[in-house]
Amino acid sequence: MTVLVGPNTKVVVQGITGREGSFHTQRMLEYGTKVVAGVTPGKGGTTVHGVPVYDTVEEAVRRHGANASVIFVPARFAANAVLEAVDAGVELVVVITEHIPVHETLRAVNYARSRGVTVIGPNCPGLVAPPVRTKLGIMPNNIYQTPGKIAVVSRSGTLTYEISYQLVRTGFGINIAIGVGGDPVVGLDLAEAALRVAQDPDVEGIVVIGEVGGDAEERLAKMYAEGAINKPMAAYVAGRTAPPGKRMGHAGAIVMLGSGDAKSKIEAFRAVGIPVADTPFEVPQLMARQLKR
Amino acid sequence: MTVLVGPNTKVVVQGITGREGSFHTQRMLEYGTKVVAGVTPGKGGTTVHGVPVYDTVEEAVRRHGANASVIFVPARFAANAVLEAVDAGVELVVVITEHIPVHETLRAVNYARSRGVTVIGPNCPGLVAPPVRTKLGIMPNNIYQTPGKIAVVSRSGTLTYEISYQLVRTGFGINIAIGVGGDPVVGLDLAEAALRVAQDPDVEGIVVIGEVGGDAEERLAKMYAEGAINKPMAAYVAGRTAPPGKRMGHAGAIVMLGSGDAKSKIEAFRAVGIPVADTPFEVPQLMARQLKR
Amino acid sequence: MKLHEYEAKELFSKYGVKIPPGRVATTPEEVRKIAEEIGGPVVLKAQVVVAGRGKAGGIKVAKTPEEAYELATKMFGMNIKGLVVKKIYVTKYVEVDREMYLSLIIDRATRRYLFLASPIGGVDIEEIAKTQPEKIKRVYVDPSVGLRDYHVRSIVLWLGFKPETAQWRQTSSIVQAMYNIMVDYDAELVESNPLAVTKEGDVIPLDARVIVDDNALYKHPELEKALEEDPRDVTEFEMYAKKIGFHYVELDGDIGIIGNGAGLTMSTMDLVYHFGGRPANFLDIGGGASRDVVKEALKVLLRHPRVKVIFINIFGGITRADEVAAGVEAALAEEGGTNKKIVVRMKGTNEELGRQMLAKLGIPLYESAEEAAQKAVELARA
Amino acid sequence: MKLHEYEAKELFSKYGVKIPPGRVATTPEEVRKIAEEIGGPVVLKAQVVVAGRGKAGGIKVAKTPEEAYELATKMFGMNIKGLVVKKIYVTKYVEVDREMYLSLIIDRATRRYLFLASPIGGVDIEEIAKTQPEKIKRVYVDPSVGLRDYHVRSIVLWLGFKPETAQWRQTSSIVQAMYNIMVDYDAELVESNPLAVTKEGDVIPLDARVIVDDNALYKHPELEKALEEDPRDVTEFEMYAKKIGFHYVELDGDIGIIGNGAGLTMSTMDLVYHFGGRPANFLDIGGGASRDVVKEALKVLLRHPRVKVIFINIFGGITRADEVAAGVEAALAEEGGTNKKIVVRMKGTNEELGRQMLAKLGIPLYESAEEAAQKAVELARA
């Protein structure tokens, strides 16, 4: 059991017949995820890697009790895919798709929240929980073979894998790794994700991977200072050398109207006692030190 | 303290400078309600019965800590008034206004619910709570002078006063009376209102006043059967002689597509053991009998 | 406001839905002319806003313009469930392969729009719900989200169409059109029953119903105008009462009912019925009860030919009984008296004064509604 | 996509907002002609999509068409914060009574639209936020509800206008226009700074900024076209990389960076900086790393004149080091070799094979990004 997924998590893959959807369905199955159904409108009745495909999420939910969804559909249809999943009654929606117009994300994510549905992403690697061998996303399976007590919450993809790898290499195990997504508006932001994993009694330490843009890191620091998050933490913030007004790969990684630079975030963390690593490779040491205290 | 209002309920009256708004502000003040502010766009800076008037609800909330609103503004502006109250941060909105287009109500009420705000009405007499001398609405003060243990939840206005009067006359006291409103879509429907008052430990019995249209009575009966509402109840349903397809005064009082007639409601109540009075005047007897059991 | 079939169909057409060619007529000559224009067999459909016209003889097929003329002479003026046929919608006769049901309403419980879809149609949804409830699919649309592709997909699949066929696309656009009509026209109901697949393979709304929210009519002046020109199921008394600002519904008994508040007025009707009487109407004067309001309401019923006894039931917290009495007095004065019996029940202040005023007019004032109702029934029997 | 001021103003105008008369010019002659047409004093505004053009000499007042011509000859070609002035917006000079600030953004934390309004304007919002934060009003608009009268009322009151005056109505319609532009054009920012009250008493946007979500540009083909014709702040390399599908940002150092994933690429830049080097760019090839992708990315940097050393940092779960090596090999082959130094750090499978392949090209393969970064910095210094 982890805060977001558990042994009863049954996954439907939206956009399962696409290249990415099909590829990662296989990886998720290999990892141990219970992928019970796929959806591609017009492709109902076929199968992908043995997983039955339906025309609507509602049917996938009705027939297989799917309670979580992973979305791989193209950007133009992805916001609707989220709404469809919410209306079909799943509890967790992971949106891998990049390049969804932010106004569409805004509406889809707000609707999901108003219905009590957790959305991870968009433009994210998803989440992986080694203790329950469940992955809803695209993280490399080989890095997440060691279950443990560390939760990683991150705005990044590959940097999450990198730091997870460093953690595992130095003897840590992972409880859950969540990539919240690189878009300006995401379903569960970095601060909320940290708050969520902190509530898991199995989590002993939280690694936070931030980056330029927005104020989620600052809000997280505030929550920590106020005691809402009371687990040992270590942080890394990417983009110290990012120039203002430029998008650094992620739509959300931009310093704008004078806010969102790495300096502000690093200072906010340090001011409340969350150590910040200067390089990704220092993170395990910081975490180890935090846990010893 | 009652479930919806208490000694800390501070009321802002939206549309306070209108005829109805001004008249009922005085009645509410006389009853003991803490009316702390009024709002009429363009009339900021004036006063009505000693109550300061502002241009926005936000200002009324900021300056006076208003946490509840009563809306008397004309139908064309009323849905926006609800949204304004919700965005200003009040917890309870009572909409007296009749004739709001139902599509507008739909959106306003859904938005309020998604923000955790309780809406009573529209097209309702509001609510009155004798134990805390608080009225947000237009009920006649003289009928609600006797605090006690009975909650009245009703889709009607004057019929609520009539039955409340009969209850008081026969020795009952009132904890709260809520007129949920006569429109097809209301913020808190009859079933939800009953569920809410049932959670009040001070409530010993619940009187339900239903009428033709919709299925709130049937849903209430179901909740009672399932044990979600576990207080003694007595009911009355108006409109046994109402013809199908016709609106009986209330926009919501209509038998349509074969559903919503009084017979179905009465049978639903009786089937689960809620006695239904044949005339309004039998209600106190039924309640007395229920409470003796 | 209930739209006539032809008005509803015109709306569908405006929203891009293919409908059978047709026009509305008000005389048999017109019917013949339209039938000639259309050519081939036509259907004559009585434009009355009630369900079940077909069984009542309100739908006929004519093979020739002459037959159309003949049928029309009989259909015009026909009384269908209390409504007189004044307009006939003449449309091309279409051969049908199968009939479906599709409607859109507002679901009170979930506060969402709700599509009801069934691959079986042509009969009332109540009928389908009773006999084959498993055939009805419910698709909820949250107003804050609006109609999306997946709602449409779910409905069209249920109605039995294959993805990406011509019929799939036609049906999808009908679903979209119905939703747009619902929202744009503040409708309470948008229905197509039957929604049909023709022998040619087209999907068309063979019948269409739209009910518009009266509270939103002000946004649609063209509909307000249409309603004024053709009041449909609204009786003369209902129209008159509405103008004054009352809620009025015609019933078929002889005891006229005036109450304040919808629930109280309904319960007054029920009370009369409970004691063996038959209410002639529902007349709700609203929450308050001033002298003028009572006067105007009473005048409506004084002029009503079927009403023998008038029962006024007012429950007012701060309403004054002498005000109500004065209203009764004024109405009688303006109408030059009446031979109808009047019974007043009133709970308010100054009851004794009110009682004395009414007594002079020979009208009893009761404090108990039950007693008053019994008296009204007794007087109606006399 | 950042719109030029003139494009933003045209949008405002399209949405019914009164703007000072003006047109955009690309030559001094055109500037003179427009100044003649407008008559009286005009303002020349350099069309570069950066803040603070005024201080940098990008805004000038000309009393006569001749003076406008003279000023234009100097302004065209001017370099403002790295951008060359190619267009000048010539507008009527307006005398201003007071300047305000108004902008609309998406607030990440609340997931709502957010208006920032201040009765003080003409300076950066960052500046106002520092010196007079109490002057900034925040008005949140939930997307599911949209802009309503009370939002507008709240903003217009805050800006200091009296209800129901002409200025109130003008300002209200500007607020509404900004919201509509935000939604209709998928904007990330709609700003008017200053929003001004003129001496004549009109409320007008003296400057206007609009940034459109790149992910939604496909919905606005006219903007896509405008961007293609005038890439604004996008450099040649950024444009080229974008076409191939990479994220690329120009920086000013000499160590070219290639990474997979935005966060990893940023951290690679940071690492280089950490060890004393200066990144020349940000080039994110995305999550995976196939031979072709590595090849294309490397080619971009091989052609970059400022780049002395190229540091490729790939972290791949299932990525094969020999694939990456093959990509490097192919790029070098296609470009006919290079005199730039290349350092590769790679975490994946087949590392030994990859190392051997790269060794043949004289390129070191590191497993540790820190070592690799140090090496890159060292090579750049050499």
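In this document, chain identifiers A, B, C and D correspond to the written order of the chains, with residue numbering beginning at 1 in each.
One rule holds in what follows: a residue touches a chain if its C-beta (ideal position, glycine included) is under 8 Å from a C-beta of that chain, and two chains touch if they have at least 3 such contacts.
What you see is a predicted model; the values in this text were computed from it and never measured.
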(message) B-C versus B-D: which interface comes out with more C-beta contact pairs?
(response) B-C
(message) Taking each chain's centre as the mean of its C-alpha atoms, which one ends up farthest from the centre of chain C?
(response) D
(message) So the centre of each chain is just the mean of its C-alpha atoms; given that, what is the distance between chain B and chain C in Å?
(response) 27
(request) Could you give the separation in Å between the centres of chain A and chain C, each centre being the mean of its C-alpha atoms? (result) 53
(message) Distance between chain A and chain B based on Cα centroids, please, to the nearest Å.
(response) 43
(request) For chain A, write out the residues touching at least two other chains, lowest number first. (result) 107, 111, 114
(request) Enumerate the residues of chain D that touch no fewer than two other chains. (result) 142, 144
(request) Could you pull out which chain A residues touch chain C in their complex? (result) 41-42, 44, 55-58, 77, 80, 83-84, 87, 107, 111, 114
(request) Enumerate the contact residues on chain C facing chain B in the complex. (result) 50, 103, 105-106, 108-109, 111-112, 124-126, 129, 142-144, 183, 186, 188-189, 213-216, 218-219, 233, 247, 249, 251, 259-267, 269-274, 279, 282, 284, 287, 315-318, 347, 368-370
(request) Please give the residue numbers of chain C that touch chain A in the complex, ascending. (result) 140, 142, 144-145, 148-151, 153-154, 157, 163-164
(request) Would you mind writing out the residues of chain A in touch with chain D in their complex? (result) 75-76, 99-104, 106-107, 109-111, 113-114, 125, 138-143, 154-162, 165, 182, 184-185, 189, 209, 211-212, 214-216, 219, 236, 238-243, 245-253, 256-259, 278-281
